[in-house]
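Presented below are the structures under discussion, each in the form of structure tokens.
Each of the next two complexes has chain A plus one other chain: chain B in the first, chain C in the second.
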Partner chain A sequence: MLAAAGEANRVARGCCSGVYPITPQTEIMESLTAYPFTKGAVVTVESEHSAMGVCIGASIAGARAYTASAANGLLYMTENVFAAGYYRLPIVLVAANRTIGPPWNIWVDQGDSLALRDAAMLQFYCESHQDLVDTILVAFRVAEDPRVLLPALVAQDGFVLSHALMDVDLPDQTQVDAFLPPLDLPHRIRRDHPRIYGGLTWPRDTQRQREDIEHAMQAVPHVMEGVLDEFETVFGRRPAGAFPAACTDDADLVIVACNTMARTAMHVVEARRARGERVGLVRAKLFRPFLRDELVRALGSARRVAVLDRNHSPGSGGIFWAEVVASLAGRSDVLVQDYIVGLGGTDVPHAVIDAIVDDLAARECAGPPVFFEEGG
Partner chain B sequence: MIEFVIHGRGGRGGVTLAKLIAGAYYRRGLHVQAFGIYGAERTGAPVQAYVRVDEREIDVYGAIATPDHVIIVDPSLVSPAVAAGERSGGWIVINTGQPPETFAGVFPGRRVATVDANAIAVAHGLGTQAVPIVNTALLGAMARVLGMEIAAAEGALGDAGFGGANVAAARAAFAEVVTTEEPGEIAQPVLAEQHASMSFLDERVGARPSTHTGAWASRLPHSRELRPLCNDSCPAGNDVRGFVQAAAAGDDGRALAILLETSPFPGTCGRVCPAPCMDACNRRELDGAVDVRDIERALAECAAWPRPQRPSGGAPVAVVGAGPAGLSGAYHLARLGHPVTVIEAAPELGGLLRGGIPEYRLPRVVLEREIEFILDHGVEVRTGQPVDRAGLRRVAREYSAVLVATGQQSLRALDVPGAMAGVVEQGLEFLAHTHAAAEDLSGAAVVIVGGGNTAVDAARTAVRLGARDVRVVYRRTRAEMPAIAEEVDEALAEGVVIEELLSPAGLCVRDGRTSLVCRRMVLGEPDESGRPCPTGVDGDEALVEVSCDRLLLAVGQDGDLSLFPPPVAPVAPFRGPMSVGGASAAVYVCGDLAGGEGTVSAAIGSGRHAALAIHAALAGAEGDREAGSLAAERPRPAGPIAERPEDAPLAGPETVHLRAFPRIPPEPVSLAAPRLRRRDFAEVRRGFAQRSGHDPLTAEASRCFSCGACTGCDLCVI
Partner chain C sequence: MADDPAQGAGAVVTRSEPLWRPGNSACAGCGMSLGLQWLDQALHGGMLTLVVPACCAVATPGAFPDSAYGVPAVGSTFASSPAVATGVSRVHELNDEPDPTICWAGDGGTYDIGMATLSAAAERNEDVIYVCYDNEIYGNTGGQRSSATPAGARTTTTPAGKPEPKKDVMAIMAAHGVPYAATLSLAHHDDFMRKLAVAQTTRGFRFLLLLSPCPAGWKSEPADTVELSRLAVACGVFPLYEVFNGRRYRINARADGTPLEDYLARQKRFAGVAFDVEAARTATKEKWARLEALAANFPTTDVSVTGDAGHLWLRVLVEDRPSVLARVAGQVSRRGVNIETVVVRHLPDRAHTYITLGVDADEATAERVARGIARLDAVVDVEPFVGECPEPQAEQEPKAEMRPDPDTPPTVR
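Up next is the complex of A and B:
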């Protein structure tokens, strides 16, 4: 429900938004432009590149900034997404995940937001409308924390979530105001303290700037822990952390999945558990920074790991799989197999994930990434 | 969990129906999920929408394969596949006026309900007759079959912001839905065509069937051409846009063929036509009208003339008078298969084309070639044979039909005292004999009375014959002169003086010198010709003397009606048919005698219309069709032109986006220098200026906007 994404931004006192429509993000833009802001503005522009440009300008000026896009729109925005990260601006960008064309395809595929993985930007992947609403609020807080100061992308499955109507607990404004005070960007433009942003920087200074960003990324788990505590205090529920896990304590086989696929995988885990099989699930919610130690902890005792990737990096394989393998470097006792599924919006039903579990259980050793479809 | 699938078509509200059903359950405190499967996002594409309802939080996503309930928004989507899986007790709700029993055999084991939601929607003004919006009616039907109160549907509608007619439609459907619980084998409804799954790269398909959408469901592009202003304004009926576009495409042969379908005189009209098409041209406002006249001239000169066709089978027709109207009539009659005999009083054919238009405007060689082309269609000629009233009776007995095109042979005299032979001469007669044997006017003062082309032609001819002083006396001003403006410009450049606002009052001879006495005029209110009416200024001081050695009259001429027996006095516009002296042949009249506007192109058009009328009368209804195909219709251009009525709206300037076109000035034309052209009768206008490596004909034709031509871009339907 994209309106929920727009609503979450509004209750966060989002002050400025540059927006340009693209399916399946358009409803976010529609709800933003229809909202009577008392303090703030929605600037409709001619492209995604300019949409992020507006957000950069607004954010440097000290306003909370928000935008949303998808697929080829995200690619067109990319230059300014990198700029937002390197300017250290806590802009929140919602991605309604959609397949990059050609061929033209409007359905879900995480390849668009994952193409931005090397931008200096946090990335969250949401499994439900409630998760999306809560995570947008969390993302603003983490991104705006002085120890972080980086943009954050919050991804949802295009159509599967973006165009579905479901019941959701939308927090009221007073709660949000309590959780999310007005932005105080330390390096914002001030009339009494003029600065130049983005001018020529010598090589060593540039390397240090990148190193600073890495430090900021490393601060994220600690910052997020505090933000989630506070969220729980204010709203009475606790959104998931980086790698919410289920049934992994004694699991032999664990599925790693993100977004709504993880919900379906949970049904498979429950069914297998009911038959006495020791199967577990780790949902990859926080992709950037990728907290390798937390993942290894979440995987528990697993000796077999199935990574479900709704994305494809040609010549490498699944992008999540590469991260999981890197996290388990040196662990020859764990068999990690990549399953590329659901590309271009192909449905990933219970039966597919069930078949994946069977496939992994029967393997003697890991193979190259597998393009897995229903019926094998 | 209860699951619903809605089978609809894009843009018809199926997803909204899903959300409304979810809303009705949400009001009961249940968790809900509603979503659509979006595809080509165009009106008419088959789309599905889904609803899940559960007592616990819903954490499954994706399509529903085995629904409990199925709603079919468009009955053309009925097929067993929509109700896959075993879900006994589920409902199939179909939007149709047919009874539910009709579909029972398609859905064994299911309960079927039908409701004519289309009719309900139309009755409540929801959508249109062609595209009714049926979702709110179907919500009412669903509430009924699901055992809800109508209030549940009304509440869901209210939550979504629907009221009024939508609520009334839901109530109507709630009341009208028909159900059966006893399915049986009855009639098989027509099943929707099942498409095999195809790759988007399938060459046979080009695109997936799901992308054949908007047009396919309810609309087809309905393109039609607009009538270009140039075609509309051409008195000869030429397809101006057609031949100019063919020339622009470099197909000069086709361009000339298009011209020859309506006129056998492209070389002539390409020189002497006042070209109303150029006055009408939409390009005039941007950077000057397309030079249609010189394009036509160049085509007549450069393109290959087709071999004349000589169809047969018609009835013999006589044409009396071999001016442009008579020759045009003869040409078209011959092309329609009629043996034609042209009877001309003069020793040569051509009428005013030969006698009335000076050689420096229309070289004889051009005229000869076009007359020869007409005769090559099998036209017989009898020259030197004047036809009087008795002669017309004889001809009418001899032929099946007669076309009279004798023009206007009665030259108006000047009703002034003192007019004397030797000094006063008719301009047309002067023009005619100066062609035959040049006369020496060296040192003479020549005055021409009139303002039309004959006056200007006579003046310029006098210049060429050595006249010292040539003056055109006209009772209005230059702006009102009927002569072609360019001709007036060229006359002025050659030294002709135009004496405006003078009307002849008499001749006087003083000291052996003759003078034309004129009265000064003022312009008043417009008369019936639309031009300001000149009235004389009173008093002797308003009299002006213009000395002259020769006085040429060009004040107009009238048709000689003595051919026709009284009381048959042809009055304009007159075409016939009429009967003469009891002869069986119908007599038709065309050209200036029939009240034409006095231009060559009007005469050509008049002759063609008369030929078609004669052909239709001789050949009956069949001839009508043939004549139609010869006259106006060419094969339709390929593409999505759904209709091309002759009464299509005009492609006026508002239909052209001038800013889309770069400014390209017209191709220069070559003109003989005024000093040189005073000396002889060599042609003044020489057509497009030639330079090496440049094709002026194609270049000028390419300036044509092709106003009103449908390119099938379909932008108009988007």
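Up next is the complex of A and C:
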């Protein structure tokens, strides 16, 4: 479904982007370079660092900018991803999640985009092609809102989603134009008002700038509500918000998962519900900003929470888990257990998530993060 | 990219502010700082977008909310200026904004960390003017070696003098076949202004290398900056030359026998190190032999037609003197070739002119004509090529952005 990511950008009138190939993202750039834009340019650069560099230049000059990468490409791009955030540029970056090497492994792992956790950038995680297409459009709107003005990363699982086929409702250009008017970046280069971007700052101004970014992140939930409302008006469907939840109202045990793992987990929840078990699911879609209150609300009455992390921060554990624990600070009545699964593209089938639910149900207290595989 | 009436897409914006204002914190005698002032003169008040990677040129304009730059300036990450400039210049073009995009980068950003990005932008022939102000050192971080540091120079990371010779970045850029590459000296004002004029009237990637004395790093007297620039050319360590399309080399000033020691003695970075002056002299001689061979018979050396689709053109850069146009035209008519279009454009330095002739000839004849034109003494360069006219077309309204100097619009005859 990489083509959908390329297509969604095209319909969003991505006006200038730098692109560089890496599996499993390559088809996005191939689809971007395949047809000419009405008004736009795709620059085939020599590295991801420059791909983001071109987006930065294009965006400061006032164009909508977009790029895509994965794994080592995202790491190579990192310096400029941070820069894009600090310049407050609403660039959209699609990640096809892939394992960081060496040793080389092209399969899914969310450690790559999560390594960009501390950049000033929104992060969305998508479960399906429709979710991806819609979220890219939503991401542009939220990122470009004058109350936000930050880049946004939209992630999908490499191969598991990126190379799967699904039915997608691709919006047509008139709808997209209605939803996404031409970008008018307030601080773009102005010939009549010269500014310096990225000069020197003193410590206190730097702290204030970072604080401004925090305020921008805090504005996201409100801005996103409005954007989703408008999306619904224009397209007739409503993409998911930060923490779409299923069966959590009366759930004792809730699974927290992102991307395609959440879809597998949903099957487990349905099967267990059919047996009368009070199990629920929260899909972690918006990772930055991490809306702690919304998560707590989504978890409902759960007293046991299994966090599925397809990533690993050595010496700490799962990255989503750390966020969930922080969100539930002071709640000694909730047992949160981290399950690190599916690293390096290891399959996470129904049975694994089933076993995790059993494991959690049997626990008396939470332990350190566990690496969980099929067969226990 | 909303159209903003205030921005006046397509219009030439002139500015009242200097490009580089007083109040910046560059060291006394800083060559980079003087270079920015000369760049300003060469632009004749035209607007531009500067892209400056991490270096002294981003550290010295002052801290937020102040800036010594009187033009839009994007401070990029260290390795990224050619990529960021690519994005800026592509969007300027999409929006019909004539402002040139100019990178102003140090030797660290050029020879070292930015080399891959620079090479890629040159290979794509992005419409960017790239100026490397080469102070032969990482100035901003306190004076460490770069691959532009010459052999023998003491830096904080080569306390006994640098063993390796300076990287020949001009050769690398010429090998990319960029439309224009040239060296610049702060002791040769006319030459500087002419080259900036040629750069502004050329499209595609233009690479300019400015030797930029740095009193802090060279341990030289601030008052000696221009004199050191002069000596570097006079003793031959910094040849002044230009390369058209990576093929035609033209030497602008030759060494005049000034001893190398005169240049070295004014810089304490060469003092107290075991420095083999004879080896340096030999290296300089060898460099000149290579350069002379490349520049032999310029510009008749290589006038083969480039390009593959479109009309046949002869683009002739001449000194602006009476009757030059007639003599150039004479060379064409002598060989019975019909001139279909003549576009004359004066360069902003007011001393040079581009004469572009659309001719009705086969390629072999065009090359013979070009060789004849090249022999005329007022001719700086001649380039026969097949393609689009690089100048505003006779048929259409001259586009404002093709005009670096609003006072001298292109004249179509």
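What we mean here is this: the second predicted complex is superposed on the first by the 376 of 376 C-alpha atoms of A that agree within 3 Å, B and C clash if a C-alpha of one lies under 4 Å from a C-alpha of the other, contacts with A are read in each partner's own complex, and residues count from 1 in each chain.
Here, contacts are C-beta pairs under 8 Å (C-beta built on N, C-alpha and C of every residue); 3 or more make two chains touch, one makes a residue touch a chain.
Everything numeric here is computed off the predicted structure, so don't read it as measured data.
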item	value
Fit or clash between chain C and chain B when superposed on chain A	fit
Which of chain B and chain C A:Arg191 touches, first, second, both or neither	second
First, second, both or neither for A:Ala58, with chain B first and chain C second	second
First, second, both or neither for A:Asp157, with chain B first and chain C second	first
Contacts of A:Pro349 with chain B and chain C, given as first, second, both or neither	first
After the two structures are overlaid on chain A, angle v-u-w for chain B, chain A, chain C in degrees (C-alpha centres, nearest 10)	50
First (chain B), second (chain C), both or neither touched by A:His267	first
Greater chain A contact set [chain C / chain B]	C
Three-chain overlay, closest Cα atoms of chain B and chain C, distance in Å	12
Residues on chain A lying within both footprints (that of chain B and that of chain C)	none
Residues of chain A that touch chain C when the two form their complex	15-16, 18, 39-41, 43-47, 49-51, 53-65, 79-80, 83, 182-184, 189-192, 194-202, 205
Chain A partner contacts - residues on chain C that touch it in the complex	1-2, 4, 6-8, 13, 15, 17, 47, 49, 51, 58-59, 61-65, 67, 69-77, 79-80, 82-92, 94-95, 97, 99, 116-117, 119-120, 124
Interface residues, chain B side, partner chain A - complex	15, 18-19, 22, 26, 31-38, 41, 58-63, 65, 200
Chain A residues touching chain B - in the complex, by the definition given at the top	23-24, 103, 106-107, 128, 157, 159-161, 163-167, 260, 263-264, 266-267, 347-349
